[in-house]
Amino acid sequence: MKCILNTGRTVPQGIAVEHKGSDTYRAVASACFLNPVDMMILGIENGARVGITSPTGHVVLSARSAEGVTRGEIFVTIGPYANHIISSETHGTGMPDFKSQSVDVEPTEEPIRSVGELMEEIGGLRYDRQ
Amino acid sequence: MIVSDVVCPFCGCLCDDLELEVEGDRVVRVQNGCSLAEATFMNDTRLPTPIRRTKTGWEDISYDEAIKETADILKEADRPLLYGWSSTHGEAQSVGVHIAELIGAVIDNTSTVCHGPSILAIQEVGHPGCTLGQVKNRADVIIYWGCNPIEAHPRHMSRYTTFATGFFVPEAQRERTVIVVDTRRNDTTNIADEFLQVEPGGDYAVLSALRAIVRGKESVIPKKVAGIAKEQLIRVAGICKNAKFGAIFFGLGLTMSRGKYKNVRNAIELTDELNRHTKFVISPMRGHGNVYGSNEVFTWMTGYPFAVDFARGIAFYNPGETTAVDILRRGECDAALIVASDPGANFPRLAAAHLAKIPTVIIDPHVNATTALSRIHIPCTAAGIDAAGTAYRMDGVPIRLKKVIERGYPDDAELLKKIYDRLNGGGWDHD
Amino acid sequence: MTELLVKNACVIDPIRGINGDIMDIAIRDGRIVESVSDRAEVIDAHRCLTLPGGIDSHTHVCGTKVNFGRYMSPEDMRAGRTQRRGKMHVTSGYYVPTTFGNSYRYSAMGYTTLLEGAMAPLEARHTHEEFTATPHQDMLANTLFDGNWAVMDAVREKNIKKAAAIVGWTLNAVKGYAIKLTNPGGTEAWGWGEDVTSIHEMVPHFDVTPAEIITTMIQANELLKLPHSVHLHCNNLGKPGNYQTTLDTFDLVPDVNPNRQTLYATHVQFHAYGGGTWRNICSKAEEITRSVNSKPQIVMDMGQIMFCRTMTMTADGPMEFNLHCLHHNKWSNHDVELETGSGIIPVTYSKKSAVNCIMWAIGLELALLTKSPWQCLLETDNPNGAPFVKYPEVIGLLMSKRYRDEECATLHADTEGRTSLCALEREMDWHDIAVMTRAGQAKALGIINQGKGHLGIGAEADIAIYPIRTDSVDPAREYRKVVEGFQKTRFTIKRGRVVSRDGEIIVDGANATFWVNAKVPEDLRMENDPEFIKRFEQFYTVRMSNYPVQDVYLPRGRCIETEAFT
Amino acid sequence: MRVILESKVRSKPNLPIEAEAIIPRNFLKGTDLVVFEGNKERTLSELFWIFVEGTAVSPENIEVVLKGDTSRIKRVGEYMDTGNIVIEGDIGMHCGNFMSGGTIEILGNADSWLGREMRGGTILCRGNAGHYCATGYRGEKKGMQGGKVEVFGNAGDFCAEYLAGGEVHIHGSTGDFPGVEMRGGQLTIEGDATRPCANMKEGSCVILGTVHDMIPTFEKIDKRVLPEWKITADVYKGDVANRGKGTLMIKNPGAV
């Protein structure tokens, strides 16, 4: 399903923001809010995994139903999951399309990766000693 | 021990009325703060010591070693990028600018991915604003446009706007009209007297329509603009014109959606138009605690609030060209120093990926996503927790962050001065 | 111990009555002394004009408003760029330069002390941060009280002592130097988008008039024994016909202080307009100077404008909005809760505009028609009338009728009929200029005792040596040499160190910030006044304990203590 | 005289080169010019193979040809006042800034800010142009003030922002906000455009393709035959929100 990805700040994301290796943060940042009707069309329940694909990349998120999200839109909190699929084009303004990335949403069985795994996919190396 | 009137460094509200209970090197209780403040002071896990990436893993290194290697990396670079700065104090930001000037670097702060477009708009049309107390004491109409204070700035409404008792608005909740404009329903829209649900990307058109209506040109406006009925636009324009004091607060819904700074410009021009009828102000909802401070410090030192390129010895500024995401996206920079921020998490994938390809050093109290992309991570104090320093609230009011505990970490300003000294071959001499 | 000897200096030091004597100046550890040892470093001034360091008694160089001017003007930043070089940092900007740009350019012109014209108390910390980054000049901050709620309450209650106590507490808290009133009452009215249009109009909701604020603050100022007088930006700035407001204001002022003026009226050019519209605006400089010439209790500064692109920035929010409606360029406004306001817009003063030409003429008329140069000081309300780098041209115009005539010939045709400048023959001499650019400022600001504005024994060794030989230059004819000479000193000496040589900065700066602690009797102190504390905590958005500027912001603070109420 | 500059292979090919020194006039006195690569000063010969053919006594007879990978070279032709520059491949940002005379021809694509604050002369771009084609600088009241920019491909977002004079002709389509804040001049777009001429004050714009997301504050006043394009266009005045008196002529108004 074609959608527009919207991102923003949320309280749970703010609380966990300095603990990016934690499970809490993973759960918060990988939640994908969709309109209930869109979820019905996709044939998925709360907590189901969805694969989000953009011209830049692909990421797996956990679907959450939200009345407030309009149809054709998905909302993901700002962070590494959303950024995995957002284009770095800034239209000459310095600012990427954090609120207007076109994406494709479909159900998936793939696992949700950790922040560390996402960073390793782009050439990094996890540090998980705490 | 109880410490009172503590400033929370988390978001641009910089609430300064927190009461903390401190035991040794830990904060054990936070009063008056929101849940973000509580997490900031109480869940404060730090990287214990500097670390360096090896072929297979990570090793601990000394501060001296980390500083020396950082200076060497920066010295070698043909186009170093110094990025971040918004979660630390002005004292560290100022040393950062001196380093950038010394080595011919590009220096940028996190406004580049939050309110950079607002700055571009202000540079075109100016900014009719005020300190938050003006709104608290006078405003009878409050507009939140493309922002969600309940989630991002939880005490904004109780300290400064909707629910705050003001001198001329003693019964705030009854006397203030709240208008919210957003693409989706959320907790903030639920308390609005008027909710304008705009189609994604439609803010610009709505703002233009409101400007025209305020000017008495409503005949030009079609029946619906970006999902909003003309009648509602006329009603809202009327509320604004009849306000005694109106205040617009806007957020990333304007700066990040298509059109970017043009949306903000249009909102400012609406404010300008409304001032021909009554008193109206507009303010960006700044995110990071001291992101506005980084704009202020950069500006008095270089002339520009962000995205400053010193490659040619002079300061050059052109967002879209000298902004961090663009420099990384084009693979221009060959070394990076990240301070008090997390581009690994906050930049689009392609931009973040370049950090892993070049020698990147991060100075930050916490392990974050950028740690994984770096060669070295140097831990330091957190401004407002174990370091004092200056921060600028979202409305420009400068506030001194307090040091409430000692955890034995070096201040990032001190680390940066040592790096400067190594690069300059001489003592720090700018106080 | 460091010693310096300036030999063969042609000294003009009006405060000590020296006018062009050739003499040596001995300096030890930053101060002027009788003599130095033969180990002292020697500078030969070669009989060049040597003056006490320049003092600007009204300029906008540091703080929230100035920085916002920079922030919104990338187009100006690229107009004045220099690279890092030696001890000099990168600079950007022409009319709103970076702090280093301001400091270096002032230093090159021989200026060593600056009074920031407007600091909002709530944002004082910002001003002090920028002071530290303006390293080559000693700094003082005018502190804004024009729309201060607590002060207006005290004025309404006719409680002068309380008004004084509030001022004393605030100056101490924010490390301010003097009382500044910008459009008194008007900035509060602007909180509702309104203004006050005469000194007897009520301020909305506060039941006080500008006249009452001004007279009460004058009395409070003297009760606190502040070194400087009340520093006033009159109501109705920039409006045709406003000279009457200015005259009415001057008539309020008693003569109560034997050491200095009782009122400092700033940028009076902007307050000396006749007529009723922009079409019939004309000069009322004669009326204004007639008043000042008969009132030794008043000192004013010119507020000269020069033809260039620049930026207006003032705490006078309503005035800036009116100006914006004329210019249609960008407009910023920043009102400060319970205290004051501010506005910023860029402007271009053009010879094609009759209004601009008349403004230009009025500034010069004020200076030339004021009999005593001690009563009309030279400045441009930097950057409002023009950036301070234009001062040498203003000096040239004051010293040369020929220069003025040549300029007048290029102006809009209406200028001559609506001003009297062309008829003025007066040409100022070197001594007049020395008064108008340092001695007069030192006296007006009350810093002669701090060793400023003169070169007597014990004075701070702030000295400007210009490449001008007064015995061979005729300023009336060779005004270009005068202008050039004042643009760049041979040497600028700050506290005994050569900081600038031929316009190049050669050392890191170490300026000081002067502030006043007026010691109010215990029982009158605001920190002990429960009602004051209650209202503060209720209506400000910062806690009272977080309001005062900590000492760490003044690494070289110099506190002037006064025994108030005695 | 022809000066041929062929870019050498660089160890860090992504580093930007700032080369405002590359204007015809400067080659009158030889090729000993200085450019910047990142934060390092370089001589022209460190970065280019330089070939000079013939001689010239005045700059208008000088043609500069750039070959090889020139996509990261910025500011070529800045302040150019006469002569010719031909770029055989792509060119970096700010090509032809402040240009007042002469001709620049780009056979490939141009990066952003092509012809920024141009005063006169001609720029021909055979490929596509990036964002902010023929515009101004941040905070400045006027963008391009004179001359002509012709792009045979597409242009990016904010094309001709703050256009104040001169002519901008895009044969293809533009992105978002072409002609935004226009103050004067003539903008022609043969292809499609999104949200054209928002907030315009004056000037005129013709769009032959499809307009997406028309700004709601334009007033339709007329239909007009445009003989040079052999079409009838809807004529709008605006932007009403900005007290504008600009003219926008559209062949195919899309959905508002």
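Letters A, B, C and D mark the chains as written, and numbering starts fresh at 1 in each.
Here is the rule we go by: a residue touches a chain if its C-beta (ideal position, glycine included) is under 8 Å from a C-beta of that chain, and two chains touch if they have at least 3 such contacts.
Owing to the predicted nature of the structure, the values given are computational and were not obtained by experimental measurement.
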Select the chain whose centre, defined as the mean of its C-alpha atoms, is least distant from the mean of all protein C-alpha atoms.
B
Pair sharing more residue contacts (C-beta pairs) when B-D is set against A-B
A-B
With chain centres defined as C-alpha means, what is the inter-centre distance between subunit B and subunit D in Å?
34
Taking each chain's centre as the mean of its CA atoms, how far is subunit A from subunit B in angstrom?
22
Quick check: how many Å separate the C-alpha centres of subunit A and subunit D?
38
Two or more partner chains touched - positions in subunit C:
72-75, 78, 330
Note the residues in subunit B that touch 2 or more other chains, in rising order.
120, 123-124, 258, 310, 312, 317, 319-321
At which residue positions does subunit D touch at least two other chains?
112-113, 131-132, 137-139, 176
Chain-chain contacts, ordered by label, are A-B, A-D, B-C, B-D, C-D
Residues of subunit C that touch subunit D when the two form their complex
72-76, 78, 329-330
Under the definition above, what is the set of subunit B residues touching subunit C in their complex?
4-5, 7, 16-17, 90, 94, 98, 101-102, 119, 122-134, 136-138, 159-160, 165-168, 244-245, 272, 275-276, 278-279, 281, 295-296, 299-305, 310, 312-317, 390, 392, 396-400, 429-431
Can you name the residues of subunit C that touch subunit B in the complex?
62, 64, 67-68, 70-75, 77-78, 81-84, 89-90, 92-93, 97-101, 122-123, 125-126, 129-130, 132-133, 190-193, 205, 321, 324-325, 330-338, 341, 344-345, 508, 538-543, 545-546, 550, 555
Taking the touch rule as given, give the residues of subunit D at its contact with subunit A in the complex, in rising order.
112-113, 130-132, 156-158, 175-176
Contact residues on subunit D for subunit B in the complex?
12, 14-16, 18, 36-40, 93, 112-113, 131-132, 137-139, 176-177, 180-181, 195, 198-199, 213, 215-219, 239-243, 256
